[in-house]
Amino acid sequence: MTLQVRLSHRFVGFALDVDFQTPPGLTVLFGPSGSGKTTVVNAVAGLLRPDSGRIRVGDWLLLDSAARHALPPHRRRLGYVFQEGRLFPHLSVRQNLLYGRWFAPRGASGPDLSRVVDLLGIGPLLDRRPGALSGGERSRVAIGRALLAAPRLILADEPLAALDEARKAEILPYFERLRDEGGVPILYVSHATTEVARLATTVVALRAGRVVAVGPPGQVLGDAGAMGSETASVLSARVAVHDDDGLTRLETAGGAVFVARLDALAGTRLRLRVGSRDVILSRTRPEGISALNVLQGHIVDIAPEDGPNVQVSLALGPDRLTARITRRSATHMSLAPGQPCHAILKAVAVAPEDMGLALPSGQGTGP
Amino acid sequence: DDVTVFAAASLTDALDRVAREWSAETGQTAVISYAGSPVLAKQIGEGAPADIFISASPDWMDELEASGDIRPDTRRDLLGNSLVLIAHGAARPVTVDKTLDLPAMLDGGKLSMAMVDSVPAGIYGKAALIQLGLWDKVAPMVAQSDNVRTALAFVARNEAPLGIVYATDAAAQENVTVIGTFPAGSHDPIIYPAAITAQSDSDQAEAFLDYLSSAPAQAIWRDFGFTVPE
Amino acid sequence: MIEGLATSLGPAEWQAVRLSLQVGLVATLGSLPLGILVAYALARWSFPGRQMLNGIVHLPLILPPVVTGYLLLVFFGRRGPVGQFLDQWFGIVLSFRWTGAALAAAIMAFPLMVRAIRLAVEAVDPKLEQAAATLGANPVMVFLTVTFPLILPGVVAGAILAFAKAIGEFGATITFVSNIPGQTQTLPSAIYAFLQVPGGEEAAARLVMISIGIAMAALLLSEYVARRVARRMSGA
Amino acid sequence: MIEGLATSLGPAEWQAVRLSLQVGLVATLGSLPLGILVAYALARWSFPGRQMLNGIVHLPLILPPVVTGYLLLVFFGRRGPVGQFLDQWFGIVLSFRWTGAALAAAIMAFPLMVRAIRLAVEAVDPKLEQAAATLGANPVMVFLTVTFPLILPGVVAGAILAFAKAIGEFGATITFVSNIPGQTQTLPSAIYAFLQVPGGEEAAARLVMISIGIAMAALLLSEYVARRVARRMSGA
Amino acid sequence: MTLQVRLSHRFVGFALDVDFQTPPGLTVLFGPSGSGKTTVVNAVAGLLRPDSGRIRVGDWLLLDSAARHALPPHRRRLGYVFQEGRLFPHLSVRQNLLYGRWFAPRGASGPDLSRVVDLLGIGPLLDRRPGALSGGERSRVAIGRALLAAPRLILADEPLAALDEARKAEILPYFERLRDEGGVPILYVSHATTEVARLATTVVALRAGRVVAVGPPGQVLGDAGAMGSETASVLSARVAVHDDDGLTRLETAGGAVFVARLDALAGTRLRLRVGSRDVILSRTRPEGISALNVLQGHIVDIAPEDGPNVQVSLALGPDRLTARITRRSATHMSLAPGQPCHAILKAVAVAPEDMGLALPSGQGTGP
């Protein structure tokens, strides 16, 4: 279901004016602190009545201020992970988790309690009250509470910010699966580019209350205007074979990429986030180095940045791979558009959190 | 300086009038604190700055006399009152004697009285009903109030069809009719004793107390329905 | 001590004790739902007449109890407009009944109850109620599952305050329903009666001790409940 | 309306109005510091005798006002132990003075004040007080800069409740300091006096309206203060 | 001032038992959610009275339960950035910031309000109340409030978790400077390895209430037992020269490293965090590639990991550089201890957030 959001709202000292439409899947709201992400999410949840606006999920109209229509929050069937947790202090963790269940329609299908509890590692906390949980424990319970509400729309406001990498790595695949099962649209706030690249069907980049870019992550993440120094590329890949020494070979348009063994059947389609600053370029095929992954393509663009770097875009079949290298190297190597070029990635530089299941359909298409 | 008088609340309007007259004649002022007699008696027992105490029953004056808080030589029976049977609105008079069928007259309603074991008007009323042999039958139908005024109000508002109050109270209320007076012998005489307190140092106290028994004052008392002992 | 007292109480006094408990409980529990509603409305809603409602709720506190009792008599008495209505349509008679005593006590205690509950409502973070709404709870369910449990300590405090007041109420009660032993003679009326006769202090003191005993028991119970609720919420 | 009333008031009635205001203000403001202290202690400290203190604070609510008045008379009267002590050592005489009326009103209103403030204290998140302590504030400063501002709405509510009660208090006052015009005759005593007079209902009604007017003004003021405080905290 | 912490405390279902001593500077508490980090910080702040323990900062004894000594929190002169903000809702942002000032001793020197406000970008918020701030704004104000208290000990519990990368990059150098001025010991909770590497003088790794590793970041970050897949190395470097094309040349024991221009005088000593998975090894000096940084050393150790990777440690003079490469590559290249080997780093892979000022003294020495 597409998500269509048009909002304008004025606080003293801050004006929000956004208008975007995103395809089914997971939409990431990305932007610096104070750019209006939470405000947008609150409007979608019905907790903020904007000065004017229109919000539609598929053909379900949540808000249309022109028609004086606004569905109250409790009729929106939400699973909202609040930025500050907002657990119910008088209920046990278990009761918090099951709260949304009580109000879900009889037939609504949601995940099992035990499955979510395992995923989040909160089994030992079930009979505790939220008052004395640690910061990360609280945010895990908040995620569980939203997921278990059997929602028709998931809103997640920086749900993983308080968690360590290992925990994040356990929870991210769950969101991927949710996205790919395709039933429930997800609006997800994040500052972390790894999360954006792995999860987003579409990225909406906000700055000072306005949308500065909308598009698939491959496009928005490569956009230095939206991303600053965090640019990255997203390559599509297919699982080819699992080798005996613990590596999995992926096929991409630029050649084979070896990564640590993946838990995915051969044939599965994936996407890889490759940070622009993690790519090394070579005019000739390099020999005798430890990096297993050498991709071949040709240069389509060399864009200067502020500072000493340039951003070199290679075409690998239909995909774009950008490399951020120093201007000095580009000069030394006499790089120019049209030239063939090799890109070197380390096998282990493509970390698990950078690899996500590709969308079953409409992958990465813009709005 | 002023004379401070502690007086039973049922005297309020009549005593106010007497005190005004006194002021007009002498240029002195009497400051009067009205409350229930028991409260006033206890306050005097605790050293209240009263010069004169006027009680609604002899009991409390006896108490203060026993504890030495009044000057016994100044004690006198200032006023008398009588007890009447009242009904709401216009009603036919009856004779208050042994034959009176109160339960029938009440017809399921209440007989409104002051508290029959503690407030003077109630104590007198109960004694009279016992003396007339009417008490046992009517006792379960009695609604007791903390003061006579409230007992009167129940009849005035027709919450209760009948009530027993002082003649002075009944006289003041338009919505009630006195349908009978209790025979003087059916209860102890209703007496309001007055006295100067032991701690009084007002040179006007005696003058005011005397004025209360003077002819102009007696006229006012009678006006309000009190009786004045010779 | 209470036992020693008990043996020295006459049947009329026992009746007064029983009646006071009955009046106190009925007044408190009967007015609690309305008290919660009014407190919630005053704390959260804005509507025309809000200040008016607030004023009316406080009236019994401001007026001398006799006046309140008198007004009750005028409106809820057998001849009063509300009293007549209740009698004709529901067969409810308040005047000279213990139910009237309960009404008087409830009205006198109402401002205390409402204030306590209102303060508790104002202390509830609306963000928690919003969270419940996003999870599908309609306003009534939000109230029942989130607001109410969170204000429970305030509700208990309000109820206890009301109960204590109901146990102690005298002026309005006696003015409205007079003092009929076994029907409307509550502890304070009995105490008052003893204080009116010379030498009645001792008997009054006995009843005062009983009043205090009852109220203390209620207080201790309420503290216990409030602590349990608080302990739970701190997460231990 | 109030003006119309004012012109029809006699000097004695004006005195009663003035005295009631004076008694109400002094009773409220005078007991506020102790009220805050007791409320804070009951909410936050555990000490031997805590339940005892809690009980004593509630006593005036439980006892019929006359009883409280008698007890005051016995202890604070000119011949009572506390009264004698205050007289001899500080030259303070309470009995049959307006100061006594203020004391009676303060004591009768105390449980209401304490409950309101206590609920507010209990609603303050101790984590904020801890934060202040880490920033160097000693316990007194924590109270003054964090706790007190946060409980301000509760303090205002408590003070208003106490003021309303003080304006309406009758039983204990008339029992303790009698009903001396110009000295101890407050509005409720004056109303009582009028109700003793046949046909005095009208004059009583006039004074009742004045009581209501005063209390409403106080209520509106308190609502205004509470709203301002709340608005500030919501961050707008 | 050294920090000495010995604590044992039991909650229902969680036992804390830690004992560590760290040298002057910034101590990072690192560990997964629920491992006891906040509990330790609260004990140091005096907000939790542990069952038993002893806490000393330099020769200032904060807690000694054996001697029944416990300084109350307000006498500890703290600047505590709470994990949940804990701003005072009744005070404006400015009053929140200046709160600690009121109570600081007259002579205490702390930073300027205006300097901290600029650093945190909260100028426009000064007259607002915290109630309606965004999540990141709240956490910035919380940081400012702690810094402005002129504390003798800074406690910071995941202060940057709610902030975007750009903001973090602005604030991190401030903590570095604080650390290097050396006046105020800092106890800092973080899950982010980049923060750990840049900031830590010493890392204390916690797991389930126990200390699993203590030491300089170079050592603890390389310890797969403590770090999982997040291992990294820390190299010491010296600023050599600023070139015209915007690069700065650093000297390390393994050779020159080029990085984007640094704002530091020639001669300044720095440290570089190099993620183990960002290092490529080569037996011969590689030619014709875009990576400018090729360091030379020799292999001292090859440690197998769980999974398909091995961790290869190179000695570069006194420093250790670890590279995580696939077992397959190690086999292909016939790597063995004692062999000379080249390590390839990209110039731009050493991002600003990975470079920190080195400690003026005792750099990286363990407890």
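As written, the chain order gives the labels A, B, C, D and E, with residue 1 at the start of each chain.
Keep this in mind: a contact is a pair of C-beta atoms (placed from the backbone, for glycine too) under 8 Å apart; a residue touches a chain by one contact, two chains touch by 3 or more.
If you want to know which protein each chain is, UniProt gives these names: A, E = Molybdenum ABC transporter ATP-binding protein; C, D = Molybdenum transport system permease.
Being a predicted model, the structure only gives us computed values, none of them experimental.
Identification of common neighbours of subunit D and subunit E yields an empty set. Common neighbours of subunit C and subunit D, listed by label, are B. When C-beta pairs in contact are tallied for every pair of chains, the largest tally goes to A-E.
With every chain reduced to the mean of its CA atoms, the largest distance from subunit E is reached by B. Between subunit A and subunit B the centroid-to-centroid distance comes to 90 Å (mean Cα coordinates, whole Å). Rounded to whole angstrom units, the spacing between the C-alpha centres of subunit C and subunit E is 60. Separating the centre of subunit B from that of subunit D, both taken as means of CA atoms, is a distance of 35 Å. Multi-chain contact residues of subunit C (touching two or more other chains) are listed as 66, 70, 192, 195, 236. For subunit A, the set of residues that touch two or more other chains comprises 84, 128, 132. Screening every pair of chains for touch gives A-C, A-E, B-C, B-D, C-D, D-E. Partner subunit E is touched in their complex by these residues of subunit D: 127-128, 130-139, 141-142, 145-146, 149-150, 229, 232-236. By the touch criterion given at the top, residues 51, 54-55, 58-59, 61-67, 70, 111-112, 115-116, 118-120, 122-123, 153-154, 157, 161, 164-165, 167-168, 170-171, 188, 191-192, 195, 204, 208, 211-212, 215-216, 219-220, 223, 230 of subunit D touch subunit C in their complex.
Residues of subunit C touching subunit B in their complex: 66, 70, 73-74, 77-79, 95-96, 174-175, 178-180, 189, 192-198, 200. Residue ranges on subunit B touching subunit D, taken from their complex, read 4, 6, 9-10, 12-13, 16, 31-35, 39-40, 42-43, 46-49, 149, 169, 172-173.
On subunit A, the positions that touch subunit C within their shared complex are 45-47, 72-74, 76-80, 82, 84, 86, 88-91, 99-100, 102-104, 128-133, 145-146, 149, 155.
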